[in-house]
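Just below is one structure, and these are the notes that go with it.
Which chain is which? They are A, B, C and D, in the order written, and residues in each are numbered from 1.
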């Protein structure tokens, strides 16, 4: 059932204005100057954020699990650059990059990681549960497979309410072993839902390699079983990701149904802060992989498009912004303990 | 990890003798006279059983849900004919045929459906929970997807204990929507377990057609995603099923890993007794489908192999046997109520 | 105007009213569209509201419930039908880790207003995997309301509220009630969650139940009346929120309590109510409150076995006699 | 010979002993082979016993547990590790509908001897989906034993029994205990399921707990000693079977009861114990038994919030004062 055959009336989702079919158009040209800078700004922001917060965490300044998305910036940014503000994204335990790429506020993200009252979730969520409904970042599920369920449901809501919106689920390669991954792909397929499933194949599910988790490590090929397109994309190349995601989003938006995108990338850091990486991968493997840096790729691809100095300018601004966000978090008050008992039943 | 690389010692399963690798051989020739008769006897027994018990149920003589396997006799018998006594089978809510084909005792099956103390489960199981460990019928799971989990585990046990045994899961086409179906196929695949997954695609999951449940209705093609062979077989032709199952069982037994078999067949009766079939399929569709009767197919294929009168002879014996089983059930005492409180924690 | 309808008709009408009064409402489940529901609870709804709002789906409980959460978060009001309560075990993650928690975890940015309809219980000899009574699990899952009506009128009144509140509701129906009849007014007024009802006035003992157990308590009460025992029967109607006040008020004059449910007694919700009553009404109690729940075994197939382990009116009556010291307590 | 080891070392040793003494034993889970377990509970076991017996597997809780059942039915003795107790919600069907029921449903033809190891609880700020305490659900599932050790020695003694019995066992470890130390003898004698232990003798009140709550009860007891209150502390060690006798014996001289668990109080297992005690030991009680459980909300991330809702030694002490009437009861 897709919106063109649906007879349900329009129901705007809370806080987001409805659009009708006529507003469905082609994606904006990725090579516009402003967007190029924006893409770099976001990728660099994620990098800087992860570096800065990892250090703060090591210094004992914040607590709780910490899953760095360093090295996967091009996937987060490439996908979100292909989306509209009122499209939505669901995420995993490794979600900082997704939240930043979808436009969430750095200060409030930091404050959430610091468990402060000014955090997006008022300190109730933490690093694995950032949500910003205003930005269509409808949240992380650190339950492997969870993000797919939520995005499928969001896509179903858009379909039923005939909104030209797309729901994107970021998932890890580890999610492919989970039954619900298959269930949700199947539901989205038979109902032609406006959903895009992005599997960030970063080579590992904690210590586990794709080859250990399935005989057929080409995750994109799973799509065929569900009768939907499966696309493999170079997850280090933000423009390649942007293009694949744009095509999938357009397809979804115009009633074509879901797409499975496998973005091949590499997890630069340990699974989480404190992970005993040496038990399962050699430092050299990591060093080699890191030579292929999504930020360098961007610089190379855009060297003749962006005047010298511009990116350095952006880097300076971002660095200041991240430091400001950290300061904001540190200076924010902890939540009032009484709020712990509010918001449930 | 398969038995040839396993270092675990042999652990015979309870009540079943272990066999070593040398006993792995080719499947017996299906066209031996004795086996031909046995195949017919079993198929006819299932048919007769379903007809007889359905009538008894309609007459109010037994109670509880009743899922007839009429029309699917060739799948149950074809598969089990390819197995050894100590191979095991798991089943679904529609399991009478599987139990009979695996050699379970008719009287004790009937007694279980009648809820009598002489039933296989002493009246605790009923029609959807028949078990006969002595015959390697390790039981039905009417939780869709359940039989696959159990068979995968049984295959894992055989692998770990280096027994040359095979575990077969009968499943319905409805199980394909369930996530656990994919999980178990994947586990069996990566561990090269001696398992065979037989999906009886009888056209319906209750009122639901395969086309409604997945865009790609060719269930066997799912196998590719897991890197294992997927086979489609004519589920009306007992010899075709026997051959496909034999090949899959040999493969599993010799360390080749699991196979997914889709047996195309047709559910002759309503989903269960009392099903409002008319709501979703026309009587004519059923009548046409029933023209292709697995028993007639058998007769045609074997007309020049079996002397006239032989099959009629078998039919007479089976009819008497089924009546005897029903009599045994009826005459058996109900379970002692106190046993209701035994056997749990 | 007063009509008499069956329990399942009430479930159907309640859903029809929700579908027609709120575009955000839709239904997901198996066999509920063209087929009309294996218990006829959605008969005619697909024809009337369209297959997109009364959605049949493959067998996939986890993602069915999870998609319900995602849709609810984006502003819809899903009704998700889990055909047998036993199958909730296939979808626990969506309910427990997602539906119940998203509002709290997100600092109130998200809401998951959805009704999870399911039916359970014994009596049809479906065997151990199709006969469980599992609502007690969900008292232990903050964020979920648990509703269990006992009459057609309550079905409509409680459903009206359940589909309007801003949090997920587990709406539990007992299969054995579907064909029972009761009167309903048109329209039925919404019943607030957390308000129980006194079904019978009595002096000597208070019997508390939900769903099917309420009717059994009333049967037991008539039985006991002949023995000269006067029983007050309370129908909690919802377990979360819990109408403790009503129970305490009743105990203030009966001073004796029996809590009845078909769920296995061990670990069942009666333990929660007994503990609350003891903590907050100890002085009102002239004798230990007792529970009338099923024995700690799966539900067997054979009727003789089921009768031995399932809590029924006979057990309720016996517990009342024990609570009043007429006979000695024995588990 | 007496050694001091940590709780997690005890878990590791217990599994190593099971693997070496019984060929039918094997382990399944994530990150437990080459990696040695995210909490080091299986460190070195894969090297020692082979990757086929210490099996890493994809993330697929339902089929992991379901395959465990199938393997157990065919004569193996699986240890299945569910990395966080919260993820049990992804595998409930295998545990509830299969592991717990196959023996009964099959008329005793099948057995599912397996140990389901999991860890849970708060304290590491993992957030609402990685901090739950859910063992109470499983008291309500006939067919399963529920074991929750509080010391390294009990880990070994209880595990030895758990891997030998003929039924499934849910073996619950509290994450916060992994680094606590305790002495063990070599070998540790098997501890029968259903036998609690008195951890501290006292006169005025009995505090009952499992796992981490036992240590908190002991801290509370020292606190209360300074206030002149003498607390007896009982470690149940297993919830199914339940050592009610030990609790009743203790109440025969303390006449006051507090049941403590980190699980959410509403619907938690304390309700079961309180109800049993009330029904079978009412006359021993001088005051209402009270529960010290967590508040009915998910476990939040921020430490200030967690402290507000999690049951801890302060709450236990307060409940004791309330039980003794030193301060008035307030939830």
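Things worth noting here:
Heads up, the rule we're going with is that a contact is a pair of C-beta atoms (placed from the backbone, for glycine too) under 8 Å apart; a residue touches a chain by one contact, two chains touch by 3 or more.
None of these values were measured; they are calculated from a predicted model.
Chain centres here are C-alpha means, and the one lying farthest from subunit A is B. With centres defined as mean CA coordinates, subunit B is found 45 Å away from subunit A.
For the pair subunit B and subunit D, the distance between C-alpha centroids works out to 40 Å.
Between the CA-based centres of subunit A and subunit D the separation comes to 37 Å, rounded to the whole angstrom. Listed for subunit D are residues 57-58, 60, 62-63, 86-87, 90, 93, 97, 104-105, 127-129, 142-143, 240, 296-298, 300, each touching two or more other chains. Residues of subunit A found to touch two or more other chains are 121, 123-125, 129, 141, 143, 177-180, 183, 186, 190, 212-214, 343-345.
If the chains shown are joined wherever they touch, the resulting network links each chain directly to all the rest. Across the complex, subunit A meets subunit B through its residues 177-183, 186, 189-190, 212-216, 221-222, 224-228.
Against subunit D, in their complex, subunit B makes its touches with residues 1, 5-9, 11-14, 88, 90, 119-125, 129, 131-133, 138-139, 141, 143, 146, 148-161, 167, 179-180, 183-184, 186-187, 190-191, 342-345.
Across the complex, subunit D is touched by residues 63-65, 112, 115-116, 121, 123-129, 141-145, 174-180, 205-208, 212-214, 276, 279-280, 334-335, 337-341, 343-345 of subunit A.
Listed in rising order, the residues of subunit C touching subunit A in the complex are 23-24, 26, 50-53, 55, 57-58, 60, 62-76, 78, 93-94, 97-98, 102-110, 142-145, 167, 240-241. Interface of subunit D with subunit C (complex): residues 62, 86-90, 92-93, 95-97, 100-101, 104-105, 127-129, 134, 136-143, 240, 263-264, 266-272, 274-275, 278-280, 282, 287-291, 296-298, 300, 329, 331.
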